[in-house]
Structure formats: structure tokens, C-alpha cells
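As written, the chains take the letters A, B, C, D and E, and residue 1 is the first residue of each chain.
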Amino acid sequence: MEYLTVHSPILIVAVPLLAAFITPLISRIGNKFRDTVNVSLLSFVTFLIVILTIDIYANGTRVYTLGASVPELALPENYMVPVRIMFQVDGISIFMGLTTTVVALAALVYSLQFVKNETGQDRFYSLFMLLYVGMIGLEFTGDMFNLFVFLEILSIAGAGLASYRVNMADAVEGGFKYIIISAVSALFVLFAIGILYSEYNLLSIAALAHSMQFTTLDLIALALLAIAFVMKLAGVPLHMWAPDTYAVAPAGITPMIYTSSAASMYALYRVTFTLYGGHFDTTAIGWVVIILGVLSMFIGVMMAIHQTDIKRLMAYHAISQSGYMLLGVGVGLAVLTDPVALANYGRDAMNGGIFHIINNALYKGMLFLTAEAIFFRIGTRDLNKMGGLGHNMKWTTIFFIIGALAISGIPPFNGFASKLLIYESVFRFNPLLSIIAMFVSLVTLASFTKVFYSAFTGPEMPAFKEVREVPRSMLIGMGIMVACIIFFSIFPGLVVDTIVAPATDALIDQASYINGVMGAVP
Amino acid sequence: MSVLTYGYAVWSPIVWLVVLLVLAAIVLYVRSRGQKRYKKGTAQTDIFISGIQVPPAEQRHVPAHNIYWGFFEALKGFYNTMMRPHTGIINDYILWLVAVMVVTVLVLVMVI
Amino acid sequence: MMQYIPYNIPFIAVALLMGVALFIILFKRNLIKIIMGIAILGAGVNLFLVTLGYRAGGVAPIYTVAPEGVMVLPVPQALTLTNIVITVSVIALMLTMVMFTYRHMGDIDAKKSRLLRG
Amino acid sequence: MRQVVAWFVLITLVAFLLAGALLIHPFGYPPSDMDDYMIANSQAETANNNVVAAVLFDYRGLDTLGEATVLFTAVTGVLLLFRALKKREKKT
Amino acid sequence: MLSKIVRTISNQLILFILVFGLYIIMHGHVTPGGGFQGGAVIASGVVMMIVAFGSSEIKKSLRERHLSVVESSGALIFIGMAFAGMGTIFFYNFLVGTPVFGGIPPTGPNPGNVWTGGVIPLMNLGVGLKVIAGLSAVVLAMALFSSGEEIEE
């Protein structure tokens, strides 16, 4: 147990990686065996992440230096700079890790039945695990270049999976767009990393933050990094790839790609708060983030209500909900150097934004799964051709209603809790932003009413008389998420106090992140 | 534990659930006072529109593109402007990326 | 600042290389050419990384029968190696997708072979 | 319209990159704390003559694992796309 | 399929390419080179064979599923070496000082010794296998696809 606790940061990354590597070998034995191995390994990882979470909330930031003789030995003996790659897991990292793992587990269980009749299953599971590895590594790493490598793993696995239904022309197109924008933005990230390396000859995030000088080159690097990550998280006006890719990705993968956007959002926060926080006046970059957030909210939802493709509609909602997260945390970023405002409302705004990440991963992922359940049974994504599905797909309907109410911020669901935090605190910062946020919530409800009306209600269509409820494993996958949504709805105070507030503190408290590596160095 | 408190406001889902339960109880009570003669599967459940022939299911259902028709008609100018950047061409996506990058560099270098 | 210009020619070359790559990506509609642009962009970044590590008069950082002299920095070389492999992998996947696009749409013009928009 | 914006963006970005090329450290004289440690200690710590190999597989081993994983991912993705679609086509 | 001259010369040349690639892989810790570079050399040899003989001919002796297995085993060797260090820490170079590849070279320039480097030569071998199989599989799949053949599962 002690051993597992010490080594859990790397095991959480390495075990799914091992699963991805052995999947092509063990699928020779049988499909059942392969599914069992994958699910049990992911459950083991979930267990590890729970252990690590408890440990981190008890003992603070964890540093794990790869290849050193002691895990905590980030700096070589008698030397001032970190040389090896290290994992640095603090509150926000483990928060994102929990989000990712819950979504991945639900999506994997959901996929078991979904891909049963398809070819190329072993490669599907292999890429699924690699996508998970990419996200979790991105969240845990404490090294800039390593972050880039995991970003690439995530992008390539995501693009390959988005084109999984390769006999559909639009699937290939969606995957192609995703890989192109990922490649270009990743190259810009690498270029920015090169600029930072050229100035400080360092790659560790903590050490870079420790010696940051805020020269012009650093600002160029900040702009390149921030905008590349905004592209990956699909903030307006860099969002156009997201509906294309989310719409065509197969079930179980859309929530994963969506969560990988959340991982890019984590990278954005990590860069702006930890790498460039401190003595640098973050008001300007905070306002850039706020403006991107407001644009994402508004344009995302206005485009969403116009769509007639159910998954494109939900993809635009994903963009619009990302806007809330950007808004909440952007307000915190804009007032980061003002302790009074930060204590008054900045911290609450950030709590709201970060709480919204996990809420949104849950209900947005669940809505994507219900959309894909409809596609699984009737073979179309066009809302115009649907109708009366509520007669035959009762569980899917109930799950959809819960998700739609939660995403629209209807009390008592968890979406309301996080949106309330954002409204109240952003109102103190700038009332106009808060009003826009409320209006967006209203339009969200309107557009989900549209989906609900045209897909589930109405008379039973003769064409869909034979439609049955989706298989059990798909229901279990959705059920895991619904259980989490209901838990989060009933205990928002508990969730915010135990996992969200430490994440916010970890973002604000740059010094403890640096001290985790630089230790006693003055 | 389920109450979310922060500085200037409080949110408790339990209160809401209690209110919803009370409302549900009232609704059920009112419903139980109603007529008991309603039966499923008889002529009582058939649709009746003043004796006109009932159209088939496909025609009774309003398809998605007709919902909020007036809203889209009123905002036609906005949607036409909105549709123009959404070309679906990959070059334009990269152009947006580079343009926003340049603007951000300008903002950061000029402001700070 | 001005005295650096003769020494900084590699960095200027990096800027121009990235400019060429972005020109291709922004202006060419052919999907294969866009992929070429990304390859050149990757090459520009690789050149940037590897020039970062150069030390004047340095030798390769390998001790086997090494000549006398300072050694150039090893980390940028490792990073460049990593990025080369990553770029190759990405391009392999992209080309695969272009092959399928051509099979489905009969065209590799970015303007003509699109179904998803709006 | 699009052409003008694109040219403007391109020229501005290249101008920024050129400015960066002048602001960066002089070519051939980089700061080198981390790398000096590796050059000095790689033989003792990793028993290895090739410092680049020591960086790749020891000091920054996870990067190389990640890079190998990227290659694995790409190959898996390519083979996933090129798989036979017979079963699926029969179904639809 | 190309002419008989090309095929004959390719048949002779592939041996040299294999030996040279293996040399680069196994001397990665002493001289410039390593798993990726050597693997790319051998994979380019495979590409040469595909060009000379045609993909359908090569397919008879080189199946995707076999390449997939080789690739997975290469990856497993690599990550296994990293896991083997778990007694101390992930990626710990546990072979330094042992008889297997454990010799420690003298500090400063020296003639070089293959029996050094700890786990690095073994990791190079794993990466090499992976690169050979991966790149060959990609090129073979592309060649088969463009010649209109279906690839078996």
C-alpha cells in the first residue's frame, strides 16, 4: 500500500500505457478477455487515483522525479536546477485527473457494446487507452516538453478515433481537421517552449516559473502558448473544428475528446497561473481570456440553437459551456495581483469555473452518449428525421432530461450550483458579463427544449416502431455519469470544499508549486 | 454538507428538493380527486379534431427546422453574418488561429 | 542589438522558414500542399531547436574518441529527435486521411471536399 | 478580403518572429546550466559515452517513451483506418 | 514490380541495409545513432523491397498482424525496461554496475566500449524493433491501399 502510494503518479500513466501496448497481443486470445483486461486495468487506475487524491489532500503537492534514486529528489545533489523529468501533482492536477478518469471509465463501459459489431476493435481499445494516457499525462506532468509530447499523443489518438467510422466521408473529414489544427497548434507550443528554453535553459515548469523575467520574448511565448491551448479547447473564434470533430466521432470517444479539451484548458491555466503568475501583471491576459470566454458563450449558444444535427448542436453547447469556465477563471486571473478583489470575488469566480469543468464533463459527456445512443438505434444524426423516440427508449429519455436540465442550470442540478457561483462573483467584477452569462443559460434551455421536443416527444413514428432500448452496457455507462451528476447535485458544498477549493488554491498559490521542486533554493 | 456557502450567498439543494416534493404531493392529491372513468386503450384516448381525419404520425410531428422559426427569421442578419466565417475550409481555421495569435502578441507587448 | 545580426542568421532563417510554411498553409487549397506546409513548419521548429543548442566551436556531445573542445548542448538535440519522430507520425496519419478523403470525395481541394460546415 | 487579412497576419507574424530572432541570445552562446550538468555527469551516472543517448533514455526517458508512444499511436491509427470494412458494410 | 536488375540488386542490398541498421541500433550508446535512426534505416530497406517487388508480393511474407505483434513487443521491451527499475523508481537505470551492459566508462574522451550504458542498449533495441515494424506497416498498408487491395484484420 505504501509502495502504491509512493509510485501512484507514474503508475496512473504507465498502467494504461501498458494496457495499450498489450491490447494487440492479448486480443489474439479472445475479445472477452481483452475487454475484461482493459476494464479491470482502468478500474485499477481509478483505485490508484483515489489513493493519490486522498494522499494529496492530506500531504500537499507530490513530486515524482523519474529515474532519480529517490522520488522526491527533484534537484540533483549539490545542484540548483532540475535535470530530470518530474511529475508534479497538486490540487488542480488531481482534480482534472479525477474528472478524466470518471469520464474514461463511463465511456469505456459504454463502448463495450457499441463497437461489438465493428471491425478493428483491438486498435479501438488501444487508441482509447492512449487517449486516456495523453490526457492524464498532460495533467500530471511538471515539464514543458513532456506536456507537448502528451499533447501530441492525445491529438493523434483523438484524430484516429474520430475517423473510426472510416466508410463515412464526413468522419474522415472531421478527423483530418482535428489532426491539422492539433499539429499546427502543437508546433506553436513547441516553438514557445523553444523560446523559453533559449532564455533560461530550463524545461521544468516550476524552475521556469522560479526564474521568469517577463521579457518581450517571454510575452511572445505566452501568447503562442495561450492561443494554441485556446485552439485546442475550442474557444470562439478558434472553435470551428470542434463541431466537425465532435459530430463524427463514435460514441464514447466524443466525451473523451471533449475531456481532452478540458485537459487543454488545464494546460492554459497551468501556463497562465503557474508559469506566468507571480509578479507579472496578469490583468491583460486575464481580459483576453475573459473576452474569449464571453465570445465562446454567446456565439456558441447562438450557433447551437440554429443546428439541426443533434451532435453538432451539442458540440456548440460544449463550446458555449467552455466559455463559462474561461469566464470564471479569467476573472480570477484578471484580479490575481489584487489580493482584496481576489478574496472578495476572484476566488469564488475561480471556484465556479473549476467546478463547472467537472460538472460539464459529466453532463455534457452524458448528453453526447445519449445522442450517440439515438444514432446507434436509428442511424441518423438529423433532428428533422427523428420523433417519438421517448416511447421506446425510456431510459435514454430520462438520462437526456437530467442532462439537459443540468446543462441549462435548472435547480437543483449541479449545473446550477456552478453557474450560481459564476453569476454572483462575476456580477461583482462586471455586471454586464454576468447578465450575458444568464442570457446564455436561457438560450441553452431553449435549444435543449428543441432537441427534446423533436427527438423524444410526439407521436410514435411508424419508421421507429421497432426501435428498442440500447444494450445494457451502454445504459451502465450513462448510468455512471448520471449517478455522479445526482451526487454532485445533492452535495455541492461537499464537492466544492473537498476537491474544488484545493484546486483553486493550487492555481493561485504559485509559490508552493515552485517550492515543491526548488525546495530550499533561495 | 450539501449547503454551498460563499461570502454573500447560500445555495441548498435540499430545500429545493423539499419544495419539489411538497409540490408533487399537492399535484398528486389534486390528480387523485379527478374522474376515475378514464381508461387506456379505449376510444377515450384517440385523437379527436372536430371530426376531421387525423393525419399520420409523420405529419403531426413538427420537425426540428420549424421550431423557433420566428426567432431565426427575426435574427436573419445576425445568422447570415455568423455563417460567413464558418466555411468549413481548413485554411480558414488556421488563419483564425494565427490572426488571434498576432492580436494577442500585440495586446500583450503593447499593454505591458 | 545590431551587433548580433551577423551571428543570428540561423534564427532569421527560422523565422523565414516558418513564414514560408504559414504562407503555404494559409494560401494553398490542396490538402497535400497543406501537409507539406506542416512538414516545413515542423522543420522550422526543428531548426530552431537545434540552433538553440549550438555552442561556438563546439563538438558533438559524444565522448567516444572525442576531439578536444567544448561540447554543444545535448538536450536540444534530444528534443529535435523527438520532434522529428512526432512530425513523421502526424504526417503519416494525415496522409492516410487524405487518401480516404480522395477515395470518398474524388477531390483533394479543401474548398470542394467539405461536407461539414455552418 | 480574406487575402488581405491573410497577408497582413502573415507579415505581422513574420515581423514578430524576426524581432524575436534579434532579441534572442546571440547564436553560439546559449545559457547552459542544465546541459552542463548532463555533459559533466552523464558518464558517471548512466555509464554512457553518448550524452544525447543519455538524455534521451535516462534524463528525459519519459519523453522518449512518449515519442515511441506517439509512433505507436500513429501506426495504430493508420492501421485502424486501413482496416477491412467488410463486416460493417454488410451491416449497413 | 520493377525489372529483374532492380530486383536482384535489391535482394543483395537488403542484407547490407539490415546489418548496417542493426549496427546503428546496437551502438546507439557509443556512437551517433540509436533505435530510431537504425529502425528508420531498416524500414527504408523494407520500403525499397516494396518498391522493387510490389506490395502484393511482399504481403505474402510480411503480414500486418505480424508487424503489429513485433511493434507491440518492441514497445513492451521498452516500457518493461522502465518498469524493471520500479524497485527504485520508474526509469531507474538499474543495470549500471552489473555484468550486463554495466561497465562504467572512464570520465572524459575514451575509445568506447559496447558493454556500457545499463538499460540504454536494451531500450534502443526495443525502440528499434518498434520503429522497424511501425514504419514498414504504415508504408505497406499505404501501398496495399493504393493498389486497391483490402487489408485483412
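In this section, a residue touches a chain if its C-beta (ideal position, glycine included) is under 8 Å from a C-beta of that chain, and two chains touch if they have at least 3 such contacts.
Just so you know, these numbers come straight off a predicted model, no measurement behind them.
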Farthest chain from chain C, going by mean C-alpha coordinates, please.
B
Report the chain ID whose CA centroid sits closest to the centroid of the full protein CA set.
A
Tally the contacting C-beta pairs at the C-E interface and at the C-D interface, and name the larger one.
C-D
Comparing centres built from CA atoms, which chain ends up most distant from chain A?
E
Report the inter-centroid distance (CA atoms only) between chain B and chain D in whole Å.
43
Could you give the separation in Å between the centres of chain A and chain C, each centre being the mean of its C-alpha atoms?
28
How big is the gap, in whole Å, between where the Cα atoms of chain D centre and where those of chain E centre?
20
Whole-Å gap separating chain A and chain B, where each centre is the average of the chain's CA atoms:
23
Chain E touches at least 2 other chains through residues 30-32, 68, 71, 75, 79, 82, 91, 93, 105, 108, 110, 112, 138, 142, 145, 153
Going by residue number, chain A touches two or more other chains at 17, 21, 24, 66-67, 119-120, 145, 149, 152, 156, 159-160, 163, 166, 172, 176-177, 180, 184, 198, 201, 203, 216, 220, 244
Touching at least two other chains at once: which residues of chain C meet that condition?
18, 22, 25-27, 31, 34, 52, 62-64, 73, 75, 79, 81-82, 85-86, 89-90, 92-93, 96-97, 100, 114-116, 118
Who touches whom among the chains?
A-B, A-C, A-D, A-E, B-C, B-D, C-D, C-E, D-E
Residues on chain A engaged by chain D in the complex (per definition of touch):
17, 20-21, 24, 66-67, 76, 79-85, 117-120, 123-124, 126-127, 130, 133, 137, 145-146, 149-150, 152-153, 156-157, 159-161, 163-167, 172, 195, 198-203, 215-217, 220, 379
Residues of chain B that touch chain A when the two form their complex
1-9, 11, 13-14, 16-17, 20, 56-58, 60-65, 67-68, 71-72, 78-79, 82, 85-86, 88, 90, 92-94, 96-97, 100-101, 104-105, 107-109, 111-112
Which chain D residues qualify as touching chain E in the complex?
43-50, 52-54, 56-58, 61-62, 64-65, 68-69, 71-72, 74-75, 78-79, 82-84, 86
Contacts from chain D onto chain A in the complex sit at residues 16, 19-20, 23-25, 30-35, 37-38, 41, 58-63, 65-67, 69-70, 72-74, 76-81, 83-89, 91-92
Touching chain E in the complex, chain A uses residues 7, 10, 14, 17-18, 21-22, 24-25, 64-71, 119-120
